[in-house]
Amino acid sequence: MPVLLVECPDQRGLVHAISGVLLRHDCNVVGNQEFVDAASGRFYMRTEFDGPQAVEVDGKVDGVGERIVSETQAALPAGARVRLARPGPKRIVVLASREHHCLGDLLIRHQFGGIQARIEAVLSNHAELGDLVAKFGVPFHHVPAEGMDRAAHEAAVSAILEPIGPEFLVLAKYMRVLSPAFVARYPSRIINIHHSFLPAFIGARPYHQAFQRGVKVIGATAHLVTDDLDAGPILVQQVIPVDHTHAAEDLVRAGRDVEQFVLAQALRLVFEDRVFLAGNRTVIFD
Amino acid sequence: MPVLLVECPDQRGLVHAISGVLLRHDCNVVGNQEFVDAASGRFYMRTEFDGPQAVEVDGKVDGVGERIVSETQAALPAGARVRLARPGPKRIVVLASREHHCLGDLLIRHQFGGIQARIEAVLSNHAELGDLVAKFGVPFHHVPAEGMDRAAHEAAVSAILEPIGPEFLVLAKYMRVLSPAFVARYPSRIINIHHSFLPAFIGARPYHQAFQRGVKVIGATAHLVTDDLDAGPILVQQVIPVDHTHAAEDLVRAGRDVEQFVLAQALRLVFEDRVFLAGNRTVIFD
Amino acid sequence: MPVLLVECPDQRGLVHAISGVLLRHDCNVVGNQEFVDAASGRFYMRTEFDGPQAVEVDGKVDGVGERIVSETQAALPAGARVRLARPGPKRIVVLASREHHCLGDLLIRHQFGGIQARIEAVLSNHAELGDLVAKFGVPFHHVPAEGMDRAAHEAAVSAILEPIGPEFLVLAKYMRVLSPAFVARYPSRIINIHHSFLPAFIGARPYHQAFQRGVKVIGATAHLVTDDLDAGPILVQQVIPVDHTHAAEDLVRAGRDVEQFVLAQALRLVFEDRVFLAGNRTVIFD
Amino acid sequence: MPVLLVECPDQRGLVHAISGVLLRHDCNVVGNQEFVDAASGRFYMRTEFDGPQAVEVDGKVDGVGERIVSETQAALPAGARVRLARPGPKRIVVLASREHHCLGDLLIRHQFGGIQARIEAVLSNHAELGDLVAKFGVPFHHVPAEGMDRAAHEAAVSAILEPIGPEFLVLAKYMRVLSPAFVARYPSRIINIHHSFLPAFIGARPYHQAFQRGVKVIGATAHLVTDDLDAGPILVQQVIPVDHTHAAEDLVRAGRDVEQFVLAQALRLVFEDRVFLAGNRTVIFD
C-alpha cells in the first residue's frame, strides 16, 4: 500500500490540503497518523492510502505518484518535505563483528521474508561469522582492521559498500566506532543496536557497568547513528528484569535476547517507513 | 482542547471532508488519529483541535461547537455518529463492595485532581468502606443486599443513582452481577475492573484458578460492561510475573496492585474520550 | 558444576541431612534453593555444589556422585527422589512443521553453543524446513502424515526417534496432536511452545481468537506436554501489548517473536535442570 | 513465621551448621534461600522456619530466639552477622514534600494493613499534604526549610524524629538532599523512590531529561540512601513504555504511577526482611 510522508511547519489546514490532493487522485486514506511537535511547531504525517493500481505498484511508473508528491508539496508551506515511500524491500548491508545473535536472527528472518529488506551483503571486521553468513547465500566481506587506522579501515569498508549502494546500514553488534565523515554518507540511514539501556551505561562493557551498579532491569536500545556516539535518536527500547544472582556474564547472555528482539522491532519500523526524525528525537507512527 | 469524535462507514474523502469543516471554522488540527476497521469497513476518527475561544470553553455556548458537529454530520455518509466531547470532568459514581484498594486509589487521585472526573458518590453493598469514603468528603451510600433479590437491590441502587444522573459508573471491585436491564441504562458507560486476565479465568475466584493452573503471569482487565458477564469490550490489560512461591493469597495481593494500576489507566482513556466501541472490541486513540 | 536434585515429603531436618552428606564428601554448597509446597507438604531442593574433581567431571566415574545420591536417599524419608544432574548438554530432537521462527532461533543458538543441548535431529511432518536445517548440518527427517492415521504416523516418528534415544523432545511449532501413548514414552520430557497465553485461547487459531476478543495483550506459553492437550505444566509465559490496529495476521507476526523468546527461556530452564514437577504445576529454581 | 538472617564469609558446611542449630531447637525450615557472591566470597542466607510457639511469638521472650542467634553465631566463621527478624510491623516515619501520590498510596495501604509497618508520623518541608495525612489520623509535622541552611533544617527534622525512634525512614518524594551526617544516623534504613530509571537521568528534573533524550521507556527506582546521592543500592526498578506523543508533563504523570507501584514493592521487600546489602548491591530473597 502506498505511503505518503509529510513533514513541515505546522499551520492551519494541512490535513485538509494533503487529503485533498489524495482525493483528487481518487485515492482513499486507509490510515492516517499525524503529530504536531509543540516545542518545534513542526507537523508530521504518515498516510497509507489505496489508490489506482499505478500508484500502488510503483508511484513513479506513470507519474501519478510523482504528481501526488509535487501537488502536496505545492499545497504546503515552504520547507515542507514530502515523499512517497518506495514500495518493496529496502536494500541493506549488515555490519557485524564477532557476536552472532543479532546477525543470525536477521539472516533467519531474511531467509523467510520476515524483514522488509534485502540483505545485499554482510561485512565484518572479523572472519568468524563468515561461515554463518555463507549458509544463507549472502555475500560476506571480511574487512580486517588490524594495523589500520580508522580512516584506512573505513575507506576499505566504503570500497565494498559503494558499488552496492545500500539504502540502510544495520550495525548488528558492529563494535567499531564510525567517524563523522562515514556517518555523514548515510544520514539517518544507519541503525545501531546498543547493548545497553541508553542513556544509562554509555561506553564500553555496559553489562559490566550494570552489574557493578546492581540494577534490577537491563535493556537494549536501537537507535539511528549520529556523530555523537551513543546519542543518536532512539527507535526502540526494551528491558528485562534481572537480580542479584545474575553475574555480569549472565547479564550479557540475557542482554543478547533483548538486543535481538529490539533490533528486529526497530528494523520493521524503519523499513516500513514509520520513522520521522524530529531533532534528536523520533516520531514513530506504528 | 476540544475533541471531535467521528464514526461512520468508510468511504473516500472522509478526512478531507472533516478537516474542511474545522478549517472553515478557523480551527487548527493539533492531533488527529483515525482507524479503518477492515473487517467492518467502519471509519473512526478523533481530532483534537485549537479553535476560537468560544469552542474551547464550551462548544455549546455560542453555537460554534454545535455547528461544527452538524456540518460534519452533513458532510458524512448516512449513519455517521459525530460528537464534540464535552469539556470538563465527567460526573461519575463509584460502586464498590468490601475491597478498598481500587476505591482508595481513586479517592486519592480524585482528591488531587488526578482523574478527569468528579466522584458524585460512592455506593456499596457493604458498610465497611464508608469510613474511608467519608475521609474524602464524598457521599457514601450503603445499599445492603441481604434478604433482597437482585431486582430489588438494583431498584434500591437505582433510586440512589437516578437523582445523581452520573455519566459513568465505575465498578471498583463491586462484586455483584448486574442485570441486563440495569446495564442497559448505562450503555457503554459502566467500567469494570476484572480481577483476572480475561478471557482466562472467567468466573469466581480467578486468582485461585490461576494458582491451580500454575501460571507464570497474572493480570487484570478493565472493560466496559455488557450483558455478557466477563465478556465486554476490553479497555486495558496488564500482567505481572509470578512463580511457584506465590500461594493463591499471594496472587490475590499481587493482583490488587495490578488491578489498581489498570483501572486508573482505563478511566483516563474513557474520561479523555479516547475510546470507541467497534462491536465487542475497542478502538483506543491514546 | 554438579547439581543435586531432591524431592520428598517435607519433614524436620531435611536441609541439615542433605547438606551433611555433601559436607562428608568435601563438597561446598554454592547455591541452594528449596521450596515446600504447603498444599502437598512436599519438599523440593536444588543444590549446586563445588566438589572434588571427580564429582565435577562426571559423578559416576569413580562413584563419588553415586555415593552422594545413595547416601542422600538413605538420609531422607521413604518416597524421596534424589538425582545428580548429568553434566554436559542434553541430547534432544526438535519436531517442527512449517513455521521456521522457533526452529531457526534454536538452530542459530545451537550452532554457537547457546543452548545446553545437542540437537541430534530435526523431524517434521512437512518438507519445507529441510533446507534450513541442512544449512546447519543437523539431520532432517521428513515424516509426512498424509494418508496416515495418527497411530501410523507416530509409529513412523518413533522409528526415527528410537535409535536416537533423545532425552528431550522439543516441539518447535509442531502442529500435530500427540497421542497419550506417545507422550507416555517421554514423561515430562516433551517441551512445547503454545501459541497463546494459556489458559486463554486453547485450541486452534489462538491469535484469531484473541483478535475476536479484542485483547490488549497477547502472549505465548512454554509447557511440558501431558495427555491433556494445552494443559501441561507451565514453564514460561510472556506477553506483549497489542492494540486495535493489529489485525489477526499482525498478532500472528507479533506472536512469533514472543514464542521464539519464550521457548528459548524454557529450554534453558529445563536443560539446566532447574525444573521440578509438582502435580500440574512447576517449581522452577532460577 | 520467624526469619533467620545470616551473612558471613563463605566456607564449606555453612548450610549444614545453620540448619543444625535450628534442628536442635526443634525448628523446621520452611523456606531457605541463600546466595554466595562469587566476587566477594560472601555468603547470604534467609531462612523461614516453624518452631516452638515461644520463638514464633517473640524470640526474645524465653530466650529461645536469642539462643538460636548466639549458637548460629558460634557455629559460623568470624565476622558473621546473624539476626532473627523481629516479628511485627516496622515502625517508620514517612518524609514527603508536595507530591501526594506515593504518600497517598502508602496511607491507604497502611490504613488497611497493607504494608508491614506502622507509620508513626509523616514529616514534610511543606504544609500542603497535612490535610491528607490528617484524614488518616497519622501525626503530621510541617518542618519548613525556608530561611534555614541544610544543617539547621535537618536539626529540626531530627528533633521530631528522635523521640519517635523510627526503624526506617521512607522518602516518599521528599525533594531535599540529606547530608551524610543525617544519613549516617539511619544506615541502610532510609528508602527513597527516585523519579527516574537510575543510573540514567540522575539529578534534577529527570522526566524533562528523558523527554529531551527521546527515550521510549521511562521508569522509577527505589533504593536505599547512601551519602552518594542517586547512587545507593537499588531495591526495585520498573519501567513503562512511552512515545513521542508524551510531552515532558505526560512523562511526569505516567512516571507517578510507576513511582507509586515501585515504592510499594520495595517497602514490602524491606519490611519483610528480604534485603541484604552486598557492597553497593542488594541481595534480595523474594
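Labels for the chains are A, B, C and D, by order of writing; each one numbers its residues from 1.
Please note the rule applied: a residue touches a chain if its C-beta (ideal position, glycine included) is under 8 Å from a C-beta of that chain, and two chains touch if they have at least 3 such contacts.
Nothing here was measured: the structure is a model prediction, and the numbers come from that model.
Among the remaining chains, the Cα-based centre furthest from that of subunit A is the centre of D. Set side by side, the interfaces B-D and A-D show unequal numbers of C-beta pairs in contact, with more at A-D. Annotation: 36 Å between the Cα-based centres of subunit B and subunit D.
With centres defined as mean CA coordinates, subunit D is found 42 Å away from subunit A.
Touching of two or more other chains is recorded for residues 31, 35, 245 of subunit C. Of all the residues in subunit A, the ones that touch subunit D in their complex are 35, 37-38, 197-201, 212-217, 219, 233-239, 243-245, 247, 278, 280-284.
Every residue of subunit B that touches subunit A in the complex is listed here, in rising order: 10-16, 19-20, 22-23, 26-36, 241. Those residues of subunit A that touch subunit C in the complex are listed here as 31, 100-101, 104-105, 107-109, 111-112, 114, 132, 135-136, 245, 257, 261, 264-265, 286.
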